[in-house]
Amino acid sequence: MDEANAILLLSCPDQRGLVARLSNFIFQNNGNIVHADQHTSKSGKLFFMRIEWELNGFALGREEIPVVFTPLARQYDMKWDLHFTDYTPRMAIFVSKHLHCLHDLILRRHMGELAAGVEAVISNHPDARELVEQFGLKFFHFPITEKNKDQQEARELELLREMKIDLVVLARYMQVLSGKFLKYYGNRIINIHHSFLPAFAGGNPYQQAFDRGVKIIGATGHYVTEQLDDGPIIAQDVIKISHRDTVADIQTKSKDLERVVLARVLRLHLENKILVYGSKTIVFE
Amino acid sequence: MDEANAILLLSCPDQRGLVARLSNFIFQNNGNIVHADQHTSKSGKLFFMRIEWELNGFALGREEIPVVFTPLARQYDMKWDLHFTDYTPRMAIFVSKHLHCLHDLILRRHMGELAAGVEAVISNHPDARELVEQFGLKFFHFPITEKNKDQQEARELELLREMKIDLVVLARYMQVLSGKFLKYYGNRIINIHHSFLPAFAGGNPYQQAFDRGVKIIGATGHYVTEQLDDGPIIAQDVIKISHRDTVADIQTKSKDLERVVLARVLRLHLENKILVYGSKTIVFE
Amino acid sequence: MDEANAILLLSCPDQRGLVARLSNFIFQNNGNIVHADQHTSKSGKLFFMRIEWELNGFALGREEIPVVFTPLARQYDMKWDLHFTDYTPRMAIFVSKHLHCLHDLILRRHMGELAAGVEAVISNHPDARELVEQFGLKFFHFPITEKNKDQQEARELELLREMKIDLVVLARYMQVLSGKFLKYYGNRIINIHHSFLPAFAGGNPYQQAFDRGVKIIGATGHYVTEQLDDGPIIAQDVIKISHRDTVADIQTKSKDLERVVLARVLRLHLENKILVYGSKTIVFE
Amino acid sequence: MDEANAILLLSCPDQRGLVARLSNFIFQNNGNIVHADQHTSKSGKLFFMRIEWELNGFALGREEIPVVFTPLARQYDMKWDLHFTDYTPRMAIFVSKHLHCLHDLILRRHMGELAAGVEAVISNHPDARELVEQFGLKFFHFPITEKNKDQQEARELELLREMKIDLVVLARYMQVLSGKFLKYYGNRIINIHHSFLPAFAGGNPYQQAFDRGVKIIGATGHYVTEQLDDGPIIAQDVIKISHRDTVADIQTKSKDLERVVLARVLRLHLENKILVYGSKTIVFE
């Protein structure tokens, strides 16, 4: 008996009968829908849907589903992805010198709270090695200079491909990734930015927030695109600050926020609840 | 051309094919679904759904929909309600001496932000009359004593029935309504309670919060049941307080919260986004 | 017996003994301090203080306080203001076509929640007249064209001076005020901006937030300076949005936020809890 | 040169001149006040103050301060504590089977974010041993049965005294401590409760929150007293939930909250910013 569920994430031009057509596809193959969520963008006349159904009793095998679904998808001009809830995605974490998000992810993994395998931790600095290896995980050090940047990134990408990494998490990684890298991992690279984007994009947002005298700071989890800090936002959260908070206090408060927002964003991604639509996301919470 | 939408809110025992069956019902009658949201309660094995579709082009007239839908609903043992988005519900507001929520609702109505008609304001005190009548609304004063309570409430209920009131809002009304009254308006009476329920149920929650020394206070919007302060919760919100806040400061902060939470709860109810399930609500936001 | 309190707000270069010197000044004149709050900016080496004491039993009369305090203030190079809690500031509200904040302020005043007199409502549009006059308040219509802008603003300023207005509130006022106007009312003009500044400064922040796909929107209350949307921030608050929210939904949610943030900012200003320091504020909450 | 600061936390019956008297004490000994915060409880007519000043240049040595201050304190009937910012308190963490808060504290310590030494981790279960020892910390296993409870607790208390533990943190510890234990460590035992107290005190607050159908859950950090879950609250925070959240989802969301609230509460305690007043706290943030 197959205890897992299948999840279909799709988008297509809106038209009558889409919900009926899709739910019939599941029903006629004897599937039991456990979640169905749908959204229609009026401005773009686009239809988005996430359907999750039990594989137990479903008439089609896992490999048959895409074969049978493809003609239907073509008819409605759908973009779609199929996921199974018992697959554990293989994740690589990139990090530089600020290790709080890395630490948090390692502990969540250790406690069984993270539905992904931490297959590799990659850094341009050696600082994280000890902690990473202490938890039995693999650490790779790729020092980066202006000269070797392209070459090192190519080696990183090769490593990720060899390791069959599904998802790249930039847990406070301070290097910009090239278009080639981004293209290969399109919408599968998640970054945590330590400000409430679009405010304080770019460098040192703690100092920027202090200088501007804002009364609330934030953190933003987003997919990475070539436009720095401009990718589709997945989740944001904020915390109050006051005139008493120094830049160091802002950093301390923000670090808690970054950990929590990154964990939430990963949970949404790993539960296949996010559809990217242009520069924005649809999050079926 | 009918510009309105129809909304079906339903619940029934969970079984395979419900989403398909319901979306087919819309599709086969040439309806265009604009929103569909569904929830399955695993513990209760119950299925809940809200479907909204365009009446424009729909094959069935407004009166025909229930006729045609009834056999299907019976087959699956459904409880259901049908609403149309161009109907403006008729609302009565009950109030005692604290008028901030009443004021807020009157202004929202005045600004066109409230999708309901304020048909009557009913109070056991005369204080609100001037403001209510200043905005061209009807004010009814029903003074209540221990002796005349049953009689006055019966007269109020009669008035509401005559005025064809759809929804009763207790905007800080300090009298307990009888079981008879509640039965007649089951799940159509909304109360705003000035605490974060279940904390500080009963009288004077501001003082209770002060005495306990909590660091956050809240407000709760809920449907009214015979168990005081124990009805199904629709929405809650909170605000921080500190040792500097006196009971009067707590009241001032809370009043803002009460206004906003009550307005949010009304919006959800008037958009037919709430299903009641036992002592809880399903809110399709 | 004088039931009011005196409040001293001051800033000066930091040095040893300031708290002692100031509290001695109160004590030696037989004053009872009810609140004292102090802040030292390490970067700027500046000292800020707010002291509130009872006038009841104080040895100096209200007019004597500044006379006796001036030598002490000079010695430490202080900037300072003296306020009395029984003075009700005279407020003018500027508004254009979005009236929700105006409505809210009028109702708060009507309910006795606003510690200021609403002496004048000034608008470049006639829309607000009816509501304003209904509450017995004065409405002044100054239509503004490109040609008459300077002239009209000069007339507005003259009116404010004649009416001895202490505080100007821009409650969604769509005209930029001139440097001359700002200079006259320096740090006594409060604006509510309908975004989480510095994000989405300038026009149509609701649309900007929608286009960027943020998951949280905000509102900002600040003092007005010549740099548009760049004045010292007093308070901010936020609310979550999702992909389901249209621009109209964002507006509806934001309007609640704007009302609450503006009311909070006014409360802080009217309680003399704010010190401006360069482009930032110190808020003694 | 002494780079540390001294912090005086005190409370006494309110009377004129207290701020002056205390700031003079610092000033006359050539101290530079860097923070001063004060609160007067009107209902209780009590005065509370926290003063922090630089030891650099102060005329009194660390041991002389209490000697010289005692007569002044007696005169005004003060309760007081004196702290120095370069002292690192010695902390013991008690834990049972839920280890997320323990993990978080260990990592914060590892990252240098926690201004206390983790001298001992004590548990009635062996589960945490591996992780604790992996970070080079000491783990003590005290299995507890109904029979040996008193005896084991006595041994724990003896261990804490031998180790000169200053602060006990119950990081999800499921055993009730005796009055004797609490008396010894009065106001130096901090508990994190996984609900928004006073709602859902006692066992299984996640299930209680699910059953009641609340829309917001919380976590509460408080000092421990003999009345279970009734001690003085230090800080609280909340997060939204919906009908989609199962008890397991509520747990996942709550665990993030518990970590953050516990860390915040510890920071406030370790910075000597909390005064306990009856069943409430004054938190000088």
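Order of writing sets the labels: A, B, C and D. Residues in every chain begin at 1.
The rule is short, and it goes like this: a residue touches a chain if its C-beta (ideal position, glycine included) is under 8 Å from a C-beta of that chain, and two chains touch if they have at least 3 such contacts.
This one's a predicted model, so the numbers in the text were calculated from it and none came from an experiment.
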Ordered by label, the neighbours common to chain C and chain D are A, B
Chain pair with more C-beta contacts, B-C versus A-C
A-C
Please tell me the distance, in whole Å, between the geometric centres of chain A and chain C computed from their C-alpha atoms.
42
If you average the CA atoms of chain B and of chain C, how many Å lie between those two points?
36
Check: chain C positions touching at least 2 other chains come out as 242, 244, 285
Across the complex, what residues on chain B touch chain C?
99-100, 103-104, 107, 110-111, 113, 131, 134, 242, 244, 252, 255-256, 260, 263, 267, 285
Under the definition above, what is the set of chain C residues touching chain A in their complex?
39, 42, 196-200, 212-216, 218, 232-238, 242-244, 246, 277, 279-283, 285
So in the complex, the part of chain D that touches chain C is made up of which residues?
16-21, 23-24, 26-28, 30-38, 40, 240
